[in-house]
Each structure stands twice: as C-alpha cells, then as structure tokens.
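The letters A, B, C, D and E name the chains in turn, as written, and every chain counts its residues from 1.
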Amino acid sequence: MIEFDDVVAGYGDFMILNHLSLKAARGKITLLLGPNGAGKSTVLKTLFGLLKVRQGRVRLDGRDITGASARQLLTEHGVAFVPQGRNLFGQLSVWENLELGGITLGMKTTHERIPEVLERFPRVRERLHSAAASLSGGEQKQLEVGRALLLRPKVLLIDEPSIGLSPLVVQDVFRLLRRLADEQGVTVLMVEQNVKSALKMADEAIALESGRQVLHRRADELLADPHIERLFLGGAHTMAAPV
Amino acid sequence: MKKLPLMAGLAMAVVLLAVPPFLKNYGVYLFSYWMVFVIATMGLNLTVGYAGQKSLGHAAFFGIGAYSVAILMQHGHSFWLGLALAVVGCFVIGLVLGFPALRVQTLYLAFATLGFNTAVWLVMRNEEWLTGGTFGINGIGRPELFGFSLGRALPYYYFVLGVTVVMALLQWKLLSSPWGKAFTALRDNPIRAESLGLNIQAYTLLSFAIGAVYAGVAGALFASLVEFIEPAPFTVGASIMMYLMVVVGGPGYFFGPLLGSAVGVLLPEWLRFAQAWYLTVFGVAVILLMLWLPGGLLSIPARLAARRQARAASAARAAAAARIGG
Amino acid sequence: MTPPVLQVADLAKAYGAIKAVDGVSFEVKPGEIFGVIGPNGSGKTTLFNSVLGQIRPDRGRIALNGRDITQVSPRQLNRLGVGRTFQTLQVFGQMTVRDNLIVAAQEHQGSMLGRLFAPGDSGLGARADALIDQFRIRHVAHQKAGELSYGQQKLVDIAMAFMSEPALVLLDEPCAGVNPSLVGGISTLLKALNRERQGSFVVIEHNMDFVMDLCHRILVMVEGRVLAVGTPDEIRANKQVLDAYLGN
Amino acid sequence: MTDFLQLVLSGMATGSIYALAALGFTLLWQASGTINFAQGEFVMLPAFMMLAFGSVGLPLPLAFLATCGVAVGVLGWAFKRGIADPLLRHGLMPIVVATIGLAIAARNGVRAGYSAEAHPFPGLFGDRLFQIAGVTVTLADIGTLVLALALVLATQAFLQRTVTGRAMQAVAQNTESATVLGIDVPRMVFYTFAINALLACAAALLVTPTYLAKFDMGEGLGTKAFFAAIIGGFNNSRGALLGGLIVGVCENLAAAWISPAYKDAVALVLFMAVILFKPQGLLGRKVERKV
Amino acid sequence: QAIKIAGLYELSGPGASAGTMFKNGADLAIKEINAAGGILGKKIEHSISDTQTNPGVAKGLATKAIDDGAFAVFGPVFSGSIMVSMAETQRAEVPNFTGGEAAAITTKGNPYIFRTSFTQATAMPKVARYIVDGLKAKSVAVMFVNNDFGKGGRDAITRALEAQGAKVVADISTDSGQVDFSAPVLKARNANADVLFVYTNEEESARALRELRKQGYAKPIVGETTLTGQKVIDLAGEAANGALAHVGLTVDAPNPLMLKFKAKFYQETKTISDHNGIKGYSGVYVLKAAIEKAGKLDRRAVAQAMRGLSLSAAKHPGVLMDVRFDDKGDLDRESFLVEVQGGKQVVKSVLPPLARP
C-alpha cells in the first residue's frame, strides 16, 4: 500500500502539495485524476524520491520511505516510475536505452528480458538500432513503458502513458497493467487524463485539486456517477467562448 | 517591481559620479578601465545573456574598435572619426560573424567565434604596415569634446562614464521594446520562435552586430585610455575573460555587466595584498562565486523576487486547497 | 471555385530505409476542420513538419491558397497566416506565460524597425489576456512557462498558435495531457473560430472522441501512406481503419 | 618528398600530443556534457606532481603511478565534489566559468607557489633517433603516437561498448531519466572525472618532455586541443585523434610552405570549414531530430 | 623617509619568467643595500606589483606608483608595457629603469628612462661582426620569434649583417610558445646558409636546438643571450652543445663579482639567474650610484646624474661590470662571446664596449 501522510512538497519555495494525505491499495490499480496543475505529477515525483518531502511521511506497505532515493526505491522496494513527457537518452540507440533500463538488474537478466518487451511493442523492435530521438512520439512512449516493464516492478508509478499513444496501443497497455495487477499483484498508481478508458480498467480513483485529495472512490462507482464530469473538471468551469 | 533596477541604477550612478574626484590618478584610471569593460560586456551580455548566442570572440571587436581609433589618429584624423569607424566597422563585421551562427548553434558557435577571434588577432599581429604588429601603436591621443580637452584622467573618466550611460540607456530601450522579447525567445527556443514568424536569422545577426558595436565603442575608448595598443589585450584569452565577467555578473540581467566587470577589473586590484598569490585567490573567488550564485551576482535580487513569488503562489495554492477541503 | 487552403500532392520523405511519408496527397478546403489520424509512427508528424518547412521533403508539392509553398521557411509560412503547434512541448521556458503569448504575435505588428520603437507588449496585451482567461491559465500567467505542469504548458503552446489569428492552424496532438474539461473547451474554440472567421484547421489527434466530434473530414495514415479519407462516419465504418488503428 | 615526409611525421608526433589533450574534452563532453576550460591545467598539474615525486627520489614509473593516485583524488574526486556536483545542473555557463576560474587559480598557484620557470622533464622513451626513408624521427615521436592511439581507442571502446560507458553518456544526456532508471549518477560522474584525470596524467607523461613543465603550458595546449576536438568531432573520441593529427600536420605544412606567421590560420580555416559544412566534426555523429 | 622604489614586473602571463627574474635580481640588490645601511642613510622600500604582461595594467600601475610617491620605478621588462608606462613616469619626472631591449624605448627623447642592458641596436653589430669576421660567413639564415622582441632583433641583425656585407638568405618566423620546430628547422636546412642565427626566447631556443640536432644540422648556430642561457642548456640537454652566442650579461662571465652574484642569487631563490636577474640587480646599484652622485634625493638631479654616468665595478661592486650611460639612457659595457661545451657556457672571447670611456 502506498500512503501519503500529511505530506508537504514542492519546487523550491513553491509548495504544490499542502498536507496531502492519500492511500493507494496494494495490488490494485489506482488512478490519480485532476485538472492540469493539480499536482498529480508532483505526487509521483515526491513518492519516487525526486522531490524532497518537507513535512509528513510517505509509506510503502507500511515501511517508511520518506527521503529514500530513487535508486533505493528501485533496488530495495521494486518501485518503477515512468514520468510524464519524454525521458529517453536521445542519442543512444533503442537497444542501448533498453539495456540502461535494466542496469540495476545486471546485463544477463536484462538481455534475457529484452525480447519479451520487444515482442509486446513491435514498432519499437523495428527501430532497435536507431537513435531514440529519431522515433515518433508514440514510439518513444512505447519504448519508455517497455523499459520500465523490463524491471518487473512490484510497484509501478506511471504518469499519463496515453499521451501520444494510438488508441489500440493504449488499450494494449491498459490491458497489460490490468494483468500485472491481477496476476502478479503489482500495485499501480497511474495518472491519466484519458479518464473514461482509464476508469474502465482501474480499481480505484483519487481526484486531486490544488494539491488536495478531493475524492477517493471505486472506479466503477465513479464511472456510473452522473456527476462524474464535475470531478475532473476542477470545479464547474468550462472554457469560455472565443473572443 | 520595475522600479527596483532603476533605483539601483540611480544609486550606482551617484557613486560613479561622486567618488572619482576623491581618488588619485590610479583610482580614476581603474574606474575608467572598469567603465570601458562595462560597455564591452554590455554588448556581450546582449549576445550571450539575452539572445543566447554562445560567443567567445568578443575581444576581437574590442580590438577592431581600438585599432580603428589608433590607426586613424596615427594618421592625423580625429578620435571621433575613429569612433564612427569603430561603430560602423564592428556592426558590419558583427553581421558577418553572425552568419556561422545561422548554421551552427551552441558549442559549435562558440568555437566559430573563437576561431574568428584568433584570425583577427593574427592579422593584428602580422600586418605590421597597418597595425604596427607586435610593436603596437604608441602615442594615441585623447579627444576633445566641444573644445574641451579630455586629456587628463578625470575629464576622460567622466567622458567614458557619459558614454557608458548613453550606451546603457540605448540598451535599456532596446530590451524593453519587442526586440527584447524576440531575443529572449531566440535564446529559449529558436525552433518555436521561427514557427511564430520571428526572423531568427535577422535577430541572430543583429544580436551579434549590436553586441559588436558595444565592444567597438569600448575598444575605441580603451585605445585612448591606455594611449597605446598592441594585439595582446585582444586575444581569445581576453574574450574568455569577458565571458567570465558576463556570467559572473549575471547573464541576461541588465546590470550584470556592471558587477561582472567590477569582478573582472577591480577585484584583482583589490586582491593585490595577497601578493604573488593574488591571481590564484582571484581564480578561487570566481569558483566560489559560481558555486554560491550559479546565475551570477545579479541573480540575488531575482532569486529573492522568485522566492517571494513562490511564497505568494504557495499561499494562493494553500488557500485554494483550503477552500476545496473546507 | 476557391482553391483549397492547403493542397498537398505526392509528398514523400524517407529516412534511410524508413519511408516515413510515402506519397501522400490531400486537400483542405477553406473553412474545413481536417483530422489526421493513424497508428504510432505512421508519419503524421513527419507530414506536418514537411508541410511546414521544418524538414525538407524528398518530393511532392505543397500549395497554400493555390500558391506553391514547397520549401518555404517556417517563418514565412507563419507570415502567410499559418499557425502551428508541435507534438513535443515547445514553449519559451524562461519567459512568463503572458510574454510567451505576446511574443507569439508581435512579429505580425509593423516592421522590424518599427518594433524597435513599439511598446513592450506591441499592443497585444489585451489579446493575450483574453486567451489566458479562455485557457484558464490566469493563475500562472506570470509564472515562467518552463515551470508549469505538462498540461499547462500544452495549453500555453496551443494558445500561442492562436495569438496571431492565423487563417490555417496545424495542431499536432493538442489534447495530449490536457484535462477533459479543457479538451471540450478546445473543441468549442476551434468550432467557433471555424464558424466565425472561416478558420481552417488540420488536427493530428489520438483522442477519437475529440476528432470524431470536431472534424469535417479525416485522413487516416498507415505506414506513411493514406489509408482512407472521409467523414467521421465513413471512417468509423471503415473496416481497415478499425483494424489498423481504432480497434474494437 | 623527404621534406614533406619529415614535416608530416613531426606533425603527427605533435598532433598526437594535441589528440591526447583533446581526448579529455571529448570524454567530458560525451560523459558529462561539460567543457573544461582547465583541461590544459589538468595536464600541467600532473606534470608538476611527477616532478615533485621525482625530486624526492621516485623513479619515473613510480612517480607516474603516485601521480595517478593523487590526480584521481584531486582532479577527479575533488573536482566532482567541489565543482561538478553543485554546478552541473545549472547548465553549461556556470561550470564553464568555474573551470576558467580554476585554470587561472591553478596556473597562478603553480607559478606563485613553485616557479615561473620552465622545467625539463624526463622523457619516457630516451633520446633515440631513427632514420626512416631519409626522415629522422625520435623514439619519443613514435611512442607518443602509438600510446595516444591506444588511449584514444581504449577510451572510445569503453564509452561505446561497455554498459558503464553508456550509462555515463546517459547521465550526460538526461540526468533525471538516468536517476529514474536507478543509474548511480554520482558514481558515473565520478568515473567520468576520474578517467579524465587519468588521461590527463598519461598526457602529462607523454607531453611534458616536449612542452616542458611550466605553469602556463596548459594554455597553448588547451587551445590546440580544442581545435583538434572540434575538427574531429566533439562527440567521438576517435575524432580527437584525427583532429589532433590534422592540426599537427597542417600547422607544419603551412609553416613550411605557406606562411609561418599565419600557420595557425591554416588550422583555423580548416576549422571554420568543418564548422560550417560539417558542424558535428569529421567523425562526429549528427544529433537527430528536434521537433 | 624611506626611498620608495616601485617595481612593475611581468609576474604572470607570457612575460612571467623574465619579469620574475628581473624582480628577484632587484629584490636581492635592495636587500643588500638596506643591510648595508641604505642609500644616503635611507632604507629602500620595494613595492612589487604584477603587470600581467598587459600594457593597460602596466600603465595603471605606473600611475599608482606615482600616486604613491615612488622615487624611482623599475620595470616593466617587456617593450610593449614599458612604452606605455614610461609615458607616465616621464610626465611625473620619475626615473625609470627598464629591462626592455627594443631600440625605440630610448629614441623618444625621454630623459627619465634608463636601460639595464644593451639595446638590440648595440648588441647586433657585435654579433654580426663575429659572424662575418669570426666565422667567415657570407650568407646567414635568421630564425626569430614573432613578437616585438624577436622582430626587433631580426631587424637589427639584418641591418648589421648587411652593413658587414653578409646576406640574409632566409627569414624564418616562429611563434612564441611554439612546440614543433620541424618546419622552421627544415627551412633553415634548405636555406643552406653558412650560419644560422637564432633569436627566440629560452624555451623555444631549447626546442629549436633539439630539432636542429634531430635533423642533423651541421652549420654553426649563433645567437644572442637567450640561446645559451643555463635554462636553455638544462632544457635542451646535449643538443645545446656547440651553440654560440653573444652574451651581454651572463653569470658565467669570467668575473669574480659575477660568480659571487650567481651564488647569492642561487641562495636566495634556488634558481640560477639569467640576464634578467643581472639586469634587475645591477640596475638598482646603478640607481644607488646615481643618487650618491647627485648627493640628494631629488629625482631630477638623479636623472641628470645618470647622463654620462660611468661606473667601474671596482668602485661599485654591485654593478658587476664597468658600465657607461650615454645621454639617451642607453648603456655600454663589455660583453662576451660564449660557446656551449659539455653542458656549460664557456666564454670564448670578451668583446670590448663599443666606445671606451
């Protein structure tokens, strides 16, 4: 179980999470929803040790991981993270990117697992020896997701995987995550704006606004809620008419 | 917020105006030297700090300005003609030097400008008929202004100061016009800038050319200040020092060059008490300064402002969160 | 008959053995919202970049309002009234959001020399503020664009494309990472601009709800080639498209 | 013809010296994304260290090993902790200026603390002369060339063929992603600077007999190495060797047949041509796709 | 109170070796004089500052020296810097002793500038005479360093050789700090002249000598002070053997005073003095003699006393060798022709001053 207890964190003096408390159940897929700038990515970055926790505690399956480094989380707690945006080594080849993804496993294991990943993402396999930067947006995202799966994590933090992925691939990825949770008990904490499809496969959903949790419900309940729109709209605004 | 830099500028101006009469010749000379480098690094700050073009060839323009004045005065022409030539010459050559910048960026541009500087230096050193080669040009005079001789140290200082202020005002105007934004856009993301209709070629070239003009003016004043020039002050090493001054002062901050040049020109003089070790101390001081303020000296106010803003934003966010939570 | 706003004929671009775009032709009519969809790596972004002068196509012809614009620079295209966004975030990270918007249109005001003497915001402040409100980024208007969240930067990026009121806008995945409420908003905005000013749009998007709701016609690319062109209903009913791209 | 050969061979010997110094530039660029303006001083300091160890009676090979030890500590570890760690994340400018400061401090520190004189330095290869096809070469010329070649190839192979080498490159390209993947970033950065320090020691050992141990020996060496690195390609270690040799040979040919006063200009013209027509350098890889 | 001497020396930058030597020499002399009771009963106060080999800085420091009321100024050594700073000392009427060798320094009619060594214009005719008469050379190749020092020397030797009827058949420019001398040496070899004249700074001289040996150059190699200094011999090793030079000042002169100086200098600094060290040292003693001749601490009177000043080493041991100043500030004294043999400078002959007092 992932647990934020009264956490304050942010960038420099700009506190994004103000006394945030939330819980994501073990072996379940929990969605993190909310308007742009709500602090969803900040939650994941804080959890993964990339941002300092100024106050409060972060726990993973009961163990206090406040202040643990990314490397520790990866090697000791089996946590993997796919950040938002592009996170490849552009001038290295696809193959080299994959290898580096498995650097904490040792090369032997990594080389054993790479074919598995490539099978799942055939577009990536076709470009195995190209520089990662030459891939299309979606191909890059596929590579990134694959690179994280290589680690066979126990906890997967994944920030808007659907950005840039075509609908078929999104479905694939979601299905895969579902299987990982069901069959291997992987805990998934995922940020998504592609709310409807995501809710269909997730177990629970947490909505965030201005760094606060505003709701935590079962995904299927939420999907059935006629007021669902309001939840991830960040209040009642809609875009104003054009000038 | 806009007032703060203006106020600081005014305070500084008072110091620059009132202190020198109480200094001995050496102090006045140093102040003049400092102002000359303020002008030169203001230009470099435009090219490097605002427009983001990596230039390591600024001393070449400084030299071109200096030699323009020296050569013309040697042949009996007036300082003012030399100054005009320095301005025009540097502008044109600056434009030309901008061209590699259209093809290559960042690191490679720095190299291209560095190569340009070496080339100019070679010409200064080898073309004895024109530049006096390594013997230099001696006996460069100082100008007259409205029949008033600027030959002595203090009047010449005030003249240099006057030019500095004029150049600063021009740059202030330039930067607060849409050009200022265009330069910053060019620095931040040239690809996006071009797709928004910015003529990045023109802005790139102009950032070099205008920066070069500042160096040229500074060089002209330098020649008359020292009254002797040879190629040594215009080497790549000098360009690197100017780059250092800009970065230490704060690249992309209007008053950065004022402080940066003080570090580059005045600090070694203050450190002379350390005797043989003074340049070592200077080097270490530069390192420590960078460690303390990677954004340069003038990033202090910016840092404070950013912190204030961040605190305000935090508070606003906390309030918003409280509204939701409440 | 008025010529198409954008006419692309037999456009091709290869990277070594990879034919990223392989003989693509299509037309965008005045006042049309034109969608481009296709699986990852099918050449959509490459198509955009070729049309917009960002990369040099191997062959093909591109015309804007009947005028040949093959190999015209991105800047000139912008001056001809073509706006765009990029698939990757492209904002001016060190400038404030408001300045980002102002700089996005200032080059359309007067001459270069004139701009030297113009006020700092080139008289664009009001328009920038209006867009800031529209995209609901008022609270970050004076923050540096580089310090925004992904979605916020995306919004700034899109708003910038509209600052100079272009007649044709090409958007590469405008909805990626944008909150659903604003996705609706963008859709509304595009429709309104299209209605009121006859603005034409070409949109690459993987968000099918958005595309199907918004676009008049849709082009489907696969492996660098055109698989189909048609109205949303036609596309939805196309078996091949379902297999290659949409799924179930 | 013999003249030509003589010039080319001598040029290659000098060029391999440039290449050794340039190697450090390319290494740091590939593996930490920085430029070290104190690279020349990084060669000068070990030279003086070796002299110091020599003066307390250590024979040259031992002095070299001892110097390597000290250099890894000072130029590697201390440089990383003191300058690289705090400054790398602030982009290129602050670290470049810090290394300029370091160069000034090191140069003048040695001058003030030790001496402003040039000091003779024992050659690794003795003073043997060879005649090959009417051309005279010294054993040192050949030895330097061979060792430079070996070092360049070894560095290149390490960076390109080992996972650690690639992890070092990864850190330079995207530190945050490297962190996310669990790459031990501080260790990779340390490796980079430690290897750089070792290369500098090797360069010092080979270069100083000709350059002479002098506080400002790094200045000229640094500039030439710069040119060499660019001509060859900054993101490629083999480029450093090619660039170094080209600069060395061209200089010599130009000095003999064009104009000694403008001999530097020849390297420069070449350099400009490379920059304008193949900015990534002769052997450099082009950086792909930005939008 | 004390006599303030301001020393403006090249302590960093390209001139650092020369400037440091000059400074050390002057410093040693000042220490000795102070220990012996000073000049006219007053101690000397030596303030040392570094010009960074930069004329602009040198000018500022000269101004500072004057601001601080320096009685006399020593340095800078490099011609470019002295050209600038001497304008300041002249304006303030402060006697200025320089190590610069460029002819132009004393042709400006500055009554306050004095040399501490020959100009190239006096030295080169002596060398030329030796090349033509001693070595019977008809053609000469000249290798020089491309800076004011080297070019000045090149011009002077060319003029002197032509006046003596020898021809300069090759004019080979090299760079300061040059490492690879294969091209210049090749040119020298191909010039096939009877004698090679080498005029570069010490380190480059050493490299040139090594390359000359490497390429098997067999003709006589002649130079000036900088070709055969101890430094060069240390650096060039065996390759220095056989090099000939005209040396104005050398610690290896057959002169007990010089030997004593050499020892003292070594004791102070742990280095062997070169000509610049001797210049600084003897310069201070010349100043002392001039003050004593003037009999008062009056700058103008001291400058006046310097004109035509003639000092014998017997009476003024600090000047090391008999010396005579003319009314331009130039000096004249005997000099040496040395050859490097077995890693040492050996004086082959002593050349008399141009004009005997």
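Assume a residue touches a chain if its C-beta (ideal position, glycine included) is under 8 Å from a C-beta of that chain, and two chains touch if they have at least 3 such contacts.
What you see is a predicted model, and the numbers here were worked out from it, not measured in a lab.
Within the contact network of the assembly, the step distance from chain C to chain E comes to 2. When chain centres are defined as mean Cα coordinates, E lies farthest from chain A. More contacting C-beta pairs link the chains of B-C than the other of the two pairs B-C and A-D. Separating the centre of chain A from that of chain B, both taken as means of CA atoms, is a distance of 47 Å.
Each chain gets one centre point, the mean of its Cα atoms, and the points for chain A and chain E are 75 Å apart. Here the spacing of chain D and chain E, counted between their Cα centres, is 36 Å.
Distance between chain B and chain E, defined via averaged C-alpha coordinates, is recorded as 39 Å. Taken residue by residue, chain B touches two or more other chains at 125-126, 191, 275-276, 279, 313, whereas all remaining positions touch fewer. The set of chain C residues touching two or more other chains comprises 45, 54, 86-88, 90.
Along chain D, residues 107-108, 111, 219, 261, 264, 291 each make contact with two or more other chains. In the complex of the two chains, the chain B residues touching chain D come out as 100, 103-104, 106-108, 111-112, 114-115, 118-119, 122, 125-126, 191, 236-237, 240, 243-244, 247-248, 251, 275-277, 279-287, 289-291, 294-295. Interface residues of chain A, counted against chain C in their complex, comprise 11, 14, 34-37, 41, 84-86, 123, 134-139, 141-142, 160, 162-171, 193-195, 229, 232-234, 237-243. Across the complex, chain A is touched by residues 163, 166-167, 169-170, 173-174, 176-184, 235, 285, 287-289 of chain D.
Residues of chain C touching chain B in their complex: 52, 54, 73-75, 77-79, 84, 86, 90-95, 99, 102-109, 112, 115-122, 139, 142-143, 160, 164. Chain E contributes residues 11-12, 48-50, 52-56, 59-61, 63-64, 66-67, 79-80, 83-84, 87, 102, 104, 146-148, 151-152 to its touches with chain B in the complex.
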